[in-house]
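Think of it as A, B and C in the order they're written, each chain with its own count starting at 1.
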Amino acid sequence: MLREVRFRDDKDFSGCSIFGMMNVRGERFNGEPMITAIANMKERSNGLGGGFAAYGIYPQYAELYCFHMMYDDRGAREETEEFFKSRFDVEGAEVIPTRPCEGVDDPPLLWRYFLRPRESLVCSEREADDFVVQAVMHINVRIEGAFVFSSGKNMGVFKGVGFPEDIGRFFRLEDYEGYTWVAHGRFPTNTQGWWGGAHPFNILDWSVVHNGEISSYGINRRYLEMFGYICTLHTDTEVIAYGVDLLLRKHGLTVEDMARVFAAPLWTEIDRMPPREREVHTALRQTYGSLLLNGPFSIIISNRSQMIGLTDRIRLRPLVAGRSGEFMYISSEEAPIHLVDDGLQETWIPQGGEPIIAELAEKMEEIETKGAEVISLPASDSA
Amino acid sequence: MIGRLEGLKSYLLPQFLIDRDDYRCIRCEVCARQCAFEVHWYDEEEDAVFADESKCVGCLRCATLCPTNALVVRHNPTQHPPNANWTREVLQNIYKQSETGGVLLTGMGCDTDYPIYWDRIVLDASQVTNPSIDPLREPMELRTYLGAKPDALKVGRKGGKPSLETRITPQLKLETPIMFSAISYGAISYNACESLARAAAEAGTYYNTGEGGLHRNLYKYGEHTICQVASGRFGVHADYLEVAAALEIKIGQGAKPGIGGHLPGEKVSAEISRTRMIPKGTDALSPAPHHDIYSIEDLAQLIYALKEATHWSKPVSVKIAAVHNSAAIASGMVRAGADIIVLDGIRGGTGAAPTMIRDNVGIPIELALAAVDDRLRQEGIRNRASIVVAGGIRSSADVVKAIALGADAVYIGTAALVALGCHVCQKCYTGKCNWGIATQDPYLSKRLNPEVGARRLVNLLRAWSHEIMEMLGGMGINAIESLRGNRLRLRGVGLTREELDILGIKHAGA
Amino acid sequence: MKIDVDHHAGLPGVFMRVDGRVKINARHLHYRELNNMIKGAASEGVEEIVVENVFGQRYIGSGIRRPVRIVIHGVPGNDLGAFMDGPRITVDRNAQDGVGNTMNSGLIVVHGRAGDIVAMGMRGGRIFIRDGVGYRAAIHMKEYRKLRPVLVIGGDTQDFLGEYMAGGLVIVLGLKGGKGKRSRFRARHIGTGMHGGLIFLRGEIEEHQLGKEAVAVPATQEDKELIRPFVEEYAGYFAADAASIMGSDFLKIYARSHRPFGGLYAY
């Protein structure tokens, strides 16, 4: 159960299934279709991890950071709560409701907190985000037996050891309504089943679910460590999440540029680009070569307004996108999309390294003015 | 009472013995003509070929070219009395010095048996959880850019298209992460220089002039030339700085850290005189330090002088010998503005160095590299400079291990010369290289045809590059930048805890 | 092997015999249950098995060695027809990854798109995909004696089409999802490592899209006769206009050498 007794491998190795579903109008729906969809890909996981991230589930506390916590024991909880009280105004604290569920054994203590950074300690929103990141790092590294599942606003991560559908039932996800959901079923080869190690991995609003194995993990991690990230989990997913945080939040790159870093076009393609585009791509690879995610992966990255699907540049892991009215889907396999949506309009398979970006409607206009190369929907999309 | 003992029988034993199979020998005299050390001679009266083995350096030119394989050159098996301290090498050195009063001189890299960490490090490969990649069909990228990189990029939008707002400083573009080390015209022949230049151009990489200036005829390869600025400043002038793809300040050399050098006047021919811009026949002395660099801020001054002189159009590299405090020194070099830092390990080669220096000063490159890469990362400045390592890179596997430890690219010197025919006899300083490499004797140097030489070098780079791709593919990686500094793909075998810690790798099985 | 089919008859609506055909509702079936029913029916000599509500069940058609007709309504899972030796499968929607993996004989017709590695290592039989396919179609497809696999793709393909292909015939028609217009081929690394077999592409590609081991030339009339029967068969399944397709220009892509890597080693 404890992190300390996990195997001392370089990192966790795992195969997986991923599924994401978004209502681009921001209308909320409960977790049922997510459970159905991820259960449909059961063959891709092995019961050693499953999890969900849901956005829009706490509208009444939308302005507060919601910490989903796991504790090994009461001591860890008390220590963490002391820490919270020293740095935040705690607006709410409660046990996350669960139900007994076959296949989900020995759950840790699961709590959630609605927190406001103490005003005297931060001034700007950006500072508040950094403040929260530091708090997460502090808890994960310094407080024995405590681990932060998620730390974003109006969202939460529910995860654990078991098949994802069982984890979903355990957490009563049918009782939550969100406008974006992502799910993950895990097939680890070397983990001893620690709840914190399940996916999604989250920091602030960003959640990552991931299928595959990043062969460049060693250098990705060393690169991020240079920027102060402490990788405690030994998972590719953690590294990807910090990479997202660095590139988007700290360095201010766009999602498209981030995709060009994580799944850089080949030099032969860059060489054929028009001069200005070539210059950008060359500089991205030169500067962020150590963040190239090399090896097979497909990921869904989500935040409060976006759901982004991406595969490695030679597409060694599968990813299918689907669209049906207000709903966007991203999945490891096509069948579960059909299973949860019989009115499906279309599905398509993106090119390797080409991001699928689904965005909330209020941002739709902005996307469409960027042109087709930004949003990788088929040409018919604007119709 | 110091002086060379002349006319007395030397106590030195011949290093090599030459067995000549008289039945095979056809008296063609190839051996006699090929040996600049005048080992072989033909006696017409006796119709036999004889050898003065005391002159033989073991370069194997005769044995290689003998059309009937009549010659066997072997290490002299005569044994000194067994003694772990007073070994043959030790005794022979003392005899040599007592007969001459001189400093022991040698060529090439350190040949003593310090641990070669490359041979104690093994590589990883993918099995099941991720696919290995077949480089024969799948893309496999070795392209490497050397130079300072920004910590973060700013990308704006112009007309809906991304547009770069951060200025990237000049970079060297390598199609394979292997360059040819600094070797001066003077240390090696013009034909050897031309071979390196042509090969670098063809293979999309760089060679390095060393401190001997750049021959006019080779200016056309400028885009693939790194011009060195060393303590002697030989041949350093505006055109030389202009034509180079990059400039390299040479502080030190792995074979002789802390030591200057000198090209004896007899080697300063008309061409070398023109290239080095010194009078013909005078000794070309390289001072031990740069006399405008007595401290780190002085290095910064020279770096920026070179940048200013070349309009900030090319990266500036700084090369040091790997010594005890390399990590701290490297950090200072990066902060002083070096775009590329070159570390030359204890096994790095030379045309001439005092034997005691070569074999006893400096540290193995593997340890220096690991320490420097770690330090620059700890200080958050690893992006600001590329790391190139030199000194004892013998194969593509060494290259892969160096890159995984943290190097951006490697320099090869000895390996390149071996490709040109060098047999590592370590007598470069005599100027009598029978392979036409380390010589200025036109009779000898014409043995190396630059076109053939370039072909051999390009072949070597092609073969190594392919092997690198195979190893990358095995690890499931298809771009070299994903290997760079990726020490998780390395494991040590038979190393101590301390060595593993310094190398930043785990032991095999862990 | 005797597979007990009849106990499924007890599940209302799951397994039904209708006019000599068998009808299976796969909605809540695990692939092993479903495939056991299909195998059982096939071993009884049933000629047609209709499977409804298929959502991702894997390996359909595997392990059956008779020419039974399997009609799939829904989206079958990965490895449809893997190692298949005889059955004739029709799918009314899209298929996922690994269609016809190492297939030896039989027929697969997909009224939609297929995912990655279609016809990987396929050695015989025919596959028709109405629309496009994903990455690495026909990877390492090969032929042996009288076995010559055929893959016809109505739409376009993603990268690495025919990667280290060793034999067989691939035809890519470039018809865009039934909209009639021919799409521009975006695929890169076509025929990389190719050392046998033929790829016919309707339309143009640029030099850089071709792997270095492959050669592309305009197809001659004689070449086109080679593919005509398969284009006509495609048109038959999907109501396409064979004559107009055959009236277009095709590229023929073949291996530069049967031993592309002969010069690789030093000795």
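The rule is simple: a contact is a pair of C-beta atoms (placed from the backbone, for glycine too) under 8 Å apart; a residue touches a chain by one contact, two chains touch by 3 or more.
This is a predicted model, so every value here is computed, not measured.
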Chain whose averaged C-alpha position falls nearest the assembly-wide average: A
Of A-C and A-B, pair with higher C-beta contact tally: A-B
Chain located farthest away, centre of chain A as origin (C-alpha): B
Between chain C and chain B, distance of the C-alpha-averaged centres to the nearest whole Å: 55
Separation of chain A from chain B, taking each centre as the mean of its C-alpha atoms, in whole Å: 48
Whole-Å gap between the CA centroids of chain A and chain C: 35
Chain A, residues touching no fewer than two other chains: 268, 314
Chain B: positions in contact with at least two other chains: 138-139
Residue numbers of chain C (touch at least two other chains): 160
Complex contact set, residues of chain B against chain A: 126, 128-131, 138-139, 141, 143, 145, 149-150, 152-155, 158, 160-164, 166, 168, 171, 377, 380, 382-383, 475-479, 481-489, 506, 510
List of chain C residues in touch with chain A within their complex: 31, 54-56, 58, 74-78, 93-94, 96-97, 113, 115-116, 134-135, 158-160, 186, 188, 208
Residue ranges of chain C touching chain B (in the complex, touch as defined): 160, 163-164, 189, 192-193, 211, 213, 260-261, 264, 266
Chain A - residues contacting chain B, complex: 8, 10-11, 13-15, 189, 212-213, 215-219, 222-223, 225-227, 250-254, 256-257, 264, 266-268, 276-277, 279-280, 282-290, 292, 294-296, 314, 316, 369-371, 374
Of chain B, residues touching chain C in the complex: 134, 136-139, 463, 466
